[in-house]
Amino acid sequence: MSETDLTKLPINTLLDRSDQMSSTAVAMHRLSLWLASPRPYLMMIGFGLFLGFWYLSVEVWKLPRFAEMPGLTTVVSEWLSKNPIYGLSIFVDEYYLHIWVSIRRIAIAFFLATAIGVPLGLFLGWSKRFKQFVFPVFELLRPIPPLAWVPLAIVMFHGSETPVIFLTFLASFYATALNTMLGVQSIDISYVRAASCLGAKRWQIFRHIIVPGALPFIFTGLQISVGVAWFSLVAGEMVSGQYGLGYVINTSYTMVRYPTIIIGMVTLGIVGYVTSAMVRVLGDYMMQWRTRELALGGER
Amino acid sequence: MNPTSASVAVSALPGGAIPAQAARTGKVRIIDAVKYYGAAGTGVLAVDHCTFEVPAGEITVVVGPSGCGKTTLLNAIAGFHSLSSGSIYLDDEMLCGPGKLKAEPGPDRIVVFQNGALFPWKTNIENITFGPMMQGRLTRAEAYEKARDMMADAGLRGIENNYPGEISSGVRRRVEIVRALMNDPKILLLDEPYRALDSLTKSVMHEALLEIFYKNRVTIFFITHDLEEAIFLGHRVVIMTTRPCRPKKILDIDIPHPRDYSVLTTKRFREFMDETAAAVHEEATKAFAAGEKER
Amino acid sequence: MNAIKGFVLKTISFVTGEDFWRGIVAIIVFLLFWETGSRSQSWFGVAFPWVSQVPAPTAVLQEMYRLIQDPSFWHSAYLSTLRVTEGFLAAMVIGIPLGLAMAVSKTFYGISFPVFEVLRPIPPLAWVPAAIIFWPTQELSIAFVTFLGAFFTIVINVIGGAQAIDVRYFQAARSMGSSTWDIFRRIILPGTLPSIVVGATVGIGITWAVVVAAEMISGGGSAGSVGGAAGGGLGFFIWNSYVGGSYTQIVAGMISIGMAGYLSSAILRKIGEWMTPWLAEG
Amino acid sequence: MQQMTQLSSLAASKPLSVGSEIKVNNVSKSYGADNFAKEVVHNCSFTIDRGKLTVMIGPSGCGKSTLIRLVAGFERPTSGTITIDDKPVTGPGVDRLVVFQETALFPWMTTYDNIMYGPRARNEDTAEMRGFAETLLQKVGLSAFRKKYPSQLSGGMQRRAELARSMINKPNVMILDEPFRGLDAMTKKLMQEYYANLYNEFRRTTFFVTTDIDEAIYLADRILIMTNIPTRVRAVIDVNLPRPRQVENVVESDEANAIKMQALGLLHEEAMKSFARGSKAAADFIDAYSKRVGKQ
């Protein structure tokens, strides 16, 4: 930590920044650096230890308590089986139905939360008066964990679909709105002043300064938002859903299909990771200026 | 581009006088300006009955310790802050004064900020064309063409489509000045623009600024805490007292323009340094003793 | 003396300020809207969408007044608080050393961080059934899920904090003759402390959310069969209110959970401020 | 010569150690591997005399900080050798103390705890050391601020606390990397006076890096003028102004002015080189690099 790890430096800083190297060459160079470092091998050791312990403790040593858990080989063979004993594997349509239902709920809730949370956050940060009136109510409701809304949501919205989406929305909404507001407040006053010097009107400042200036924070908010969305979705689905990965986990428990619980958890982890990676990639794409700046080592 | 080989078109007249062809706009008169922060009477007095003039087509440098209130004065001219009393005129037009204590910010007075305020999310050329496009003065094509010309002129060719974060801080300052000049301002207000730079880079930047000045002859109002910088750049140097700020000494620097770094070691330059060093040192010590935060 | 005077002055200027009054107005408007909405059926004969299903604030207030005199409510609050405390403390006790070890040792980091990153995206609540199977008592399984909620946040914050320590501090310490232990104790620990505080404050918020949901899922929910044994807790309380059709009690329970969560974050923030005096202003 | 007489006055209280001699021989340093390599220091040689104050000055981003890290032992040269009293440098050591650009005071310790860090780290928390800490606190005018945290001090005070923190360790070699960078021009002058007084009193071998020519002339026994990246020594100027020096006298003297004229000419040329290439300035690379290394 006290020594500088050169392999961690972005390659760009080691070049004269004159694009002499094609991007594939840079990528290859990075890959070779990574392979030459101990990291990939340590990673393999890590996974080996983790999976090995799971396998041995459950299926070989049959340690107390562990023995009741589904074992590694059971889970894997079930997951990859064309003819799963407990009804769920990658060859079963129902598996994808559950994934699709969960993703659909996340997508609706996330887009609603973004569509409402981002403008709300922008106005909260931009107008002092708006904040004075709206923020106290926002802060009053925020400490109540979204999951505590479950029963009330069921009462408020009929059916089983809307309450789950509402819960998921709520969690995302707080994260998005709050971070957007912080983003606006973090903008250096000099930018606003410079723009007004250059003759920009109020709405032009909003459009050209406030919105792009808050983007980094907005995307931080969206990252958190996707995470908490999954968090709430699972709880909602476990309590009151029909279909969905949370539902899979819960019913597998009540129906004593233990390996399916693990399949559900792993799938959740993968799908959750992919969605947050998508948000990150979108953020990098929309903030070219920042990506390029950071590649140079973060001037700011 | 090499700023030392300043191919100056304008021949310098003795005594740093303004050449005849220079535009004679951008004269600023500050009359009895006072600024309180907080409630009158109990608040902090930042600017204390300031009166002086910024001549058109010249560089006027205001020197004072950090936090002395000189930025407040600049903000009042730019229209970011109101005055408590007094008035400021730009070419005989009242910017702020009795009845209208806060000026409107506008493209006739452009500020170049201490830490730089290029918008990091816009490319350099988008930054430079921002002013005319927002004001609706030029079409996109016209603005881009003018921007390209001006960038080439300032030795900034080739970085049009880079983001400010990708160029060195010295180059960034130059882009910012070009962004200001795009609007044909009457006066440039520079708020310690080179503060964060090291002294060698700074001296290179000074020459670059002077070169731009010789080409455009735009009036410049420059704030700094660095006496050497002030004397090197200024036609006129206004030394301020520590908070509340008030002119302590006003000097006309008769070192002929165009100047380059060799001026720093001339006899006349050292005489000016000697003449002012004591005054500045005294104020600095006062500010220092008051335990003022430097940053 | 001065501190008290300062506090009084600050309070006065806050109470007389624009912020305060506008906030009060906003909250009153919000409550009026809520009250009108939930009584819309009886007042106007038209049920407002959604809000009409929510019990009115005045009714909730009455319910809360009744509840604070009800020992069984306090018992629920006690059970939840106990679980939060247990899970949170366990997460701190295991998470901080683990995070520090990952930050200090590159080898350990290389081995354990990828596994950690693979487990992290799985929402804590997805662990509930697995936890129930694994742990012998339901109490332990709830505590385990609660622990997971705070654990990942704390570890990530500790690693981030320790890695963000300026290298120059290490170089300076090394050139003044520090031993490795000394660097750990006097540079890494205090340098990471602010991030630990942040992690803890965020972590306890998650802990409350997890506890409530875990209580609902394991106590009630569609997995109702496992209820009973441990039961209790505020999450169970609101779920029970729902099953029993007492909607005012649901809202009262939600408000109690909100207050409990807010209070515990506030306490942690205070402790954090006390432990990191160098971050104070001025 | 003159220094020797002043030293003897100190000898009564302290062992007569005026520090070590540093030799840098044909040192080169590159970063990155193979075709990605970037040379920052090129075949650089110089000597830092025992008990003397040697100032290195060069354009920003020319590789001065890299040289500092090499001499301090935080990094190894790609080729060439660095010796201290003829012993090769193999890593950081208690004999060399680095005062960093901006400040590296530990934010979580009070001024006093920061100053006492070194002695405590070596289990030397003795009455004598505590006395020395008091003296130093007084010398840098921070007695009243002993219980304040760095964030509660002004920029100038932080630099003074940092100076005191390194002085207490009585290092053989002091290495200062633009210690007054970022300060107000006026505060900087005052800091230079504080520092010059400390140096006059505790004469140690000192390696001081700056980009400010006035600072260099005011402080130095010898000035090394560096080229643009990849850096090496362009010229060596000996400054024989008598000590103790007064800021005003130095500014006024013709001798100082002559040195300044000579140095400025060289430096200006080097500084221009890094600007000549506009956006592709080498400064970009080094700026970015040193930021990452410095603030990781």
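Each chain carries a letter (A, B, C and D) given by its place in the written order, and its residues are counted from 1.
Here, a contact is a pair of C-beta atoms (placed from the backbone, for glycine too) under 8 Å apart; a residue touches a chain by one contact, two chains touch by 3 or more.
All values reported here derive from a predicted model rather than from experimental measurement.
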{"item": "Of A-B and B-D, whichever chain pair has more C-beta contact pairs", "value": "B-D"}
{"item": "Innermost chain, taking as reference the mean of every protein Cα atom displayed", "value": "A"}
{"item": "Euclidean distance of C-alpha centroids - chain C vs chain D, Å", "value": "48"}
{"item": "CA centroid of chain B to CA centroid of chain D, Å", "value": "33"}
{"item": "Contacts with 2+ other chains: residues of chain A", "value": "4, 17, 296, 299"}
{"item": "Chain D: positions in contact with at least two other chains", "value": "74, 280, 284, 287, 293, 296"}
{"item": "Residues within chain C bordering two or more other chains", "value": "167, 171, 174"}
{"item": "Contact footprint of chain B on chain D as seen in their complex", "value": "58-61, 154-156, 178, 181-187, 189-190, 211-214, 248, 251-252, 257, 260-261, 264-265, 267-268, 271-272, 275-276, 278-281, 283-284, 287"}
{"item": "In the complex with chain A, residue positions of chain C that touch it", "value": "18-19, 22-27, 30, 50-51, 53-54, 103-104, 106-107, 110-115, 118-119, 121-130, 132-136, 162-163, 165, 167, 170-171, 174, 205, 208-210, 212-213, 216-217, 220-223, 225, 234-235, 238-239, 241-242, 247, 250-251, 253-255, 257-259, 261-262, 265"}
{"item": "Of all residues in chain A, those that touch chain B in their complex", "value": "17, 188, 190-191, 193-201, 204, 208-209, 212-213, 215, 287-290, 292-293, 296, 299-300"}
{"item": "Chain D - residues contacting chain C, complex", "value": "72, 74, 92-94, 96-98, 100, 104, 106-109, 117-118, 121-122, 149-152, 165-166, 169, 293-296"}
{"item": "Touching residues (chain side chain B, partner chain A) in the complex", "value": "78-80, 105-107, 109-111, 113-115, 117, 119-123, 130-131, 134-135, 163-166, 169, 179, 183"}
